[in-house]
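Letters are used for the chains, namely A, B, C, D, E and F, taken in the order the chains are written, and counting of residues starts over at 1 for each.
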Amino acid sequence: MTQPESSCEYLPLKEQTWQLLELPSTATISTQLAKRGLWNSFITGATPLNPGLRMVGQAYTLRYIPSRPDIDHNLNFDNRSDPQRIAIEGVGTRDVLVIDARGDERAGTMGNILAARMMARGAVGVVTDGCFRDSPVIAAMGLPAYSRSSHACTNKTVHHPTDVQLPVGCGGVAVYPGDILVGDAEGVVVIPRSMADEVAEAAALQEHKEDFILEQIQSGKPLLGTYPMDESTEAAYKEYCRTHPLPV
Amino acid sequence: MTQPESSCEYLPLKEQTWQLLELPSTATISTQLAKRGLWNSFITGATPLNPGLRMVGQAYTLRYIPSRPDIDHNLNFDNRSDPQRIAIEGVGTRDVLVIDARGDERAGTMGNILAARMMARGAVGVVTDGCFRDSPVIAAMGLPAYSRSSHACTNKTVHHPTDVQLPVGCGGVAVYPGDILVGDAEGVVVIPRSMADEVAEAAALQEHKEDFILEQIQSGKPLLGTYPMDESTEAAYKEYCRTHPLPV
Amino acid sequence: MTQPESSCEYLPLKEQTWQLLELPSTATISTQLAKRGLWNSFITGATPLNPGLRMVGQAYTLRYIPSRPDIDHNLNFDNRSDPQRIAIEGVGTRDVLVIDARGDERAGTMGNILAARMMARGAVGVVTDGCFRDSPVIAAMGLPAYSRSSHACTNKTVHHPTDVQLPVGCGGVAVYPGDILVGDAEGVVVIPRSMADEVAEAAALQEHKEDFILEQIQSGKPLLGTYPMDESTEAAYKEYCRTHPLPV
Amino acid sequence: MTQPESSCEYLPLKEQTWQLLELPSTATISTQLAKRGLWNSFITGATPLNPGLRMVGQAYTLRYIPSRPDIDHNLNFDNRSDPQRIAIEGVGTRDVLVIDARGDERAGTMGNILAARMMARGAVGVVTDGCFRDSPVIAAMGLPAYSRSSHACTNKTVHHPTDVQLPVGCGGVAVYPGDILVGDAEGVVVIPRSMADEVAEAAALQEHKEDFILEQIQSGKPLLGTYPMDESTEAAYKEYCRTHPLPV
Amino acid sequence: MTQPESSCEYLPLKEQTWQLLELPSTATISTQLAKRGLWNSFITGATPLNPGLRMVGQAYTLRYIPSRPDIDHNLNFDNRSDPQRIAIEGVGTRDVLVIDARGDERAGTMGNILAARMMARGAVGVVTDGCFRDSPVIAAMGLPAYSRSSHACTNKTVHHPTDVQLPVGCGGVAVYPGDILVGDAEGVVVIPRSMADEVAEAAALQEHKEDFILEQIQSGKPLLGTYPMDESTEAAYKEYCRTHPLPV
Amino acid sequence: MTQPESSCEYLPLKEQTWQLLELPSTATISTQLAKRGLWNSFITGATPLNPGLRMVGQAYTLRYIPSRPDIDHNLNFDNRSDPQRIAIEGVGTRDVLVIDARGDERAGTMGNILAARMMARGAVGVVTDGCFRDSPVIAAMGLPAYSRSSHACTNKTVHHPTDVQLPVGCGGVAVYPGDILVGDAEGVVVIPRSMADEVAEAAALQEHKEDFILEQIQSGKPLLGTYPMDESTEAAYKEYCRTHPLPV
């Protein structure tokens, strides 16, 4: 198996970045990425098992290819050599396991026991463009988990885990090890690690401003002059900022 | 941009029609449409963000084509010329915004601020064969909203709004401006405006009768003689109508 | 119409099998089937209308082909000759109606009145790779119901019922009359009737063991030695079995 | 296996019908079916292996469901009990084998040896909404064959043959045993047997008229007055009919 | 129906542009568009009926929405009011009819008689993300025609023509009236009219250079130094240009 | 980039294996693989650009993930670091480049210049579950090339090459570096390298036998007794082998 890169090589982020990323919606973050030329940042088709949970973490990647019966259909799972198992024992604090399952919905990619182990290791989420099995149990566990759908069959049915910590595709988006993932009830957005500090700040500020705009609109203001803001609304926003301090 | 037709040109409906359409399920309405030769009346694939809300309104249409970066990727939204913005400020009481997004699920079609503005203007719903962004917020807002799925990215990612109030396709169904849309937890049915008075009445009556039939079946009656009703069941239904007056 | 085979020809099952099948998840059952060479046992794409219900029963099959307007678009439903109606009046205790709808999501396959009749007759569930209509009502009725999505239009829109109790395909899985179906919040697994006694026992035992393993993992144990179990964990499991008696 | 209905029960057709059906395109025939209310008559997705061949025959149906390894993966093909083999030895003069493969393109439905046997028995074509294997050889054999695509794997990979001569679905169209199928380079149209005499005549006449119209258009006439024909063009057509006698 | 814009309003192109666009492949043109930020320029899924023909022209657009039986299923085609017919009689020299069929492959969008009329009027091609009927005849006619697949059924089966000369989507690409379309055996690329002069020149030059590079590679040169060219290869190319004059 | 494994590590094959694999169809080879438990061996959806060519070679793999504009949209192709270019210069005699393009048909994966370079290096084919650009030119070049469809846009449009010579998925099949690929007009079958000697022999023998069976069937023999062969046909086959010597 390809050796995982050490996660300590990741570009360090500002500590505030993690806090700031708790604030904005994935919609707001995707706008900030679009402003920087990244229009394709949202993992299409991945929905939360538990929409009440929020996820902020960094990608730890696991890649699947189609299974082959002679290799995969013995149902022996070797914790020392199976990249899926290595990934589960490889994730740590702030990690989100990202499983490239080629969008194949004909089997699960992992189940509740592995999810429990990930939680015990401090991982903060798991995302796949395939399915989870034991999804009702995972949904109740408190681990943010995003998938295309649910399927009871074991991963080896159609998947063979090949390697960890290589760049992968997930739901049409490139995910590089260490990239930042934010998930809310809408789904998951991928932030290139090198842009995370900047995007976190810009998105938190945009969210703050849009809270104000939403308030204005709900109080009956028209779009014109409010969204985007004209000078007079900008002034009102400045006022608003006195009682609603900026996040950064 | 193509000029919107004035909504005052719409064929007037009986006032009772709006009340009657609150009663039947979309399934019952679709049966009445099938009886009149319209077998394809339900917006396939559109599910409610908030299944607890019911929607009855008339179509205000907005059409999207694929975006082109040189035209669409500046992220400036001009409220005076952008057909999406014109639509939001164009909808009024009883209007349902219907967005033809070509079934493309790779971006949102609008988000929570525009939804809030639509509500402030009296619109009663929004339907698309694409996605909404900020979907968790819209779901909580009380505006009936139906879509294929949710996606955080802004509409300009893959969509370019071209015009409003032209006939469009949505989820495989033709929607003409002014057509009547009814939504429940199952989805959205489209009633050609010219049939709305007749269908509303027939559907309300069918719903009333099926409430009775369901009661009969749940009390142990077989399908034979009950559904469809034979003479004896017809008589029992007449009795039932005394205590459960017909809606019309 | 092809004559239904009498259900009394079914291979008899051990009575404990029905009880045991209440215990394991569909994920656990699918693993036991995979161990016996059946990797494709889960009805891909069928989700529960009501995830809180569990389903254990035997397949009563109904087959649909595409409708043809001259045959199907009169909207007269004859309880004596329409195979859909014959199926509804044919199901009995422990039966699950399995409707092969060719995965077509452009119409319903049945609605709430027929669902009510099935319940009155003792049926324990209904599964289709198409849609239900009146899905919100069925969801509230207490009948486990699994489908690909929901659609308000009547079955005759795109479906023509041809026969009952023939082998069918549903969601990519073969279903033979009398096969055992188990459904939970994840979906539905199909157990060939001839394997049901054996699989029920093995799955209940596996579930019992995995409850223990999950407890171990949640208490901080690593995968290695725990899942799969090494000798020392096996010993701990034996201890656990004293206080948590095996199901069989 | 369900007993095949005897093909001698088919409604007899006028002998001229077979000749007339050699004349019109599938497009013309589908128009005549639409005029009689059948808008969905063309097997969507089935393309000819050999576009140079024309096919006119009656449906002999074969139905596949998903395979199950314990039943289907022994690769023993029993000519006496396997419905696929029974179908091949069941077809005769003027028969077209129609294989309902649920649109599944992950395996073939039959190969060149069975195709050769069908030819030897007088069959005039084979149609499936799945794939053929040995497709290059079949293409060269002279047997009209229509499929969605080609796949080298044997049918048992994903298919299990269940029965013959039951109504089936193929490419979204209902096919009843004895229905008439016409194939050209565009694909295959299904004519309900009871309409075949009438449709054959009307389609041959329409084709004759459209040959004339095409000539007119190619000589520079505008659509208006020509297609559909006005009185003066009708007169010219009458003249044309003197030198180009009507087919019936 | 929405009034067609007069085609004389189109931005004029250099006359050489039409000649230059005969030279490069659609692949080369798409590279030049990508260099200008347009990465999505090729009509995905449209293949030529006749791969031997080349197409260079300007877009004349026609838009379809889903049909509704009460409006569309009478099979009367009025040349004066039906936008499809208006489009056919509206196209002229250098026009390519672009039909937005929503990617729906369940019917044709037009047939051979209309194709013949377009040719008589000087049109140079027709493109749709749906299907053609009479496709074998159109393939033999000499009119470049690109579609997703072929289907015998008349357009009104699932389509209703709404308007002409509005911006449309076709195969995932925006097409504005007057945009330049180039088709070869690979498919169709869309060039925004405002970029056509520049792209035609750049693409013709790139094609010229790549002819040289291909010759080099085929004579055994490695990619390194050749593609892209280093200084020494640039020099050799200059030499080559003496005997192979640049197109512009 | 992940370092390519040296191809000299491949398990050596018998020299006759290469010759024998020229004989059987992909259908016959897939049957031999199914007999050994490998039912999923054919690259679903890959069709030949030039059906007249046959391909026998070993897999050299190249993996693509989704592109990211900031990394991929500069259109500079560095022959020293771009894994696509490294792959092209990495292939040698008997190699078939296998490109995992995630089944994405929205761009090409390579074009004619790279195909020419591969040929110059002795490669014998290229296979992708995506598209080629310049496909008409590649089709004419004589290099066997298999793809899902054709697309003019450059690979960087939606693809980013990540690494070479890792196990990949292609058209739903696992492909390990060094696996043997055989292509004919039907498509491409993947033989695990460790089985190649055995499968080549068995498939060549099966093809020889099926040539005989086909002859028998075409001369009017029924399936029963012929396919599979009974004793008397076996005897006839022995006779046939005298004049048609076994390939091995």
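In the analysis below, a residue touches a chain if its C-beta (ideal position, glycine included) is under 8 Å from a C-beta of that chain, and two chains touch if they have at least 3 such contacts.
Everything quoted here is computed from the prediction, not taken from an experiment.
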Partner chains that chain A and chain D have in common: C, F
Could you check if the interface between copies chain C and chain D is built from the same residues on both sides, meaning over half shared, or from different ones? same
Fitting chain B to chain C on CA atoms, where both chains share a sequence, rotation angle to nearest 5 degrees: 120
Determine, using the mean of C-alpha atoms as each chain's centre, which chain is farthest from chain E. C
Whole-angstrom distance, CA centroid of chain D to CA centroid of chain F, is 33
Need the CA-centroid distance for the pair chain A / chain F, whole Å please. 36
For chain F, write out the residues touching at least two other chains, lowest number first. 39-40, 172
What topology does the chain contact graph adopt: line, ring, star, complete, or other? other
Pairwise, which chains touch? A-B, A-C, A-F, B-C, B-E, C-D, D-E, D-F, E-F
Chain D residues within the chain F interface of the complex: 73, 75-77, 79-80, 85, 88-89, 105-106, 108, 111-114, 116-117, 119-120, 133-137, 149-154, 156-157
Where on chain A does chain B make contact in their complex? 25-27, 29-31, 34-35, 39-42, 44-45, 47, 51, 172, 184-187, 189, 210, 213-214, 217-218, 220, 222-224, 227-228
Residues of chain E that touch chain B when the two form their complex: 2, 36-40, 65-71, 102-103, 160, 162-163, 166-169, 172-174, 192
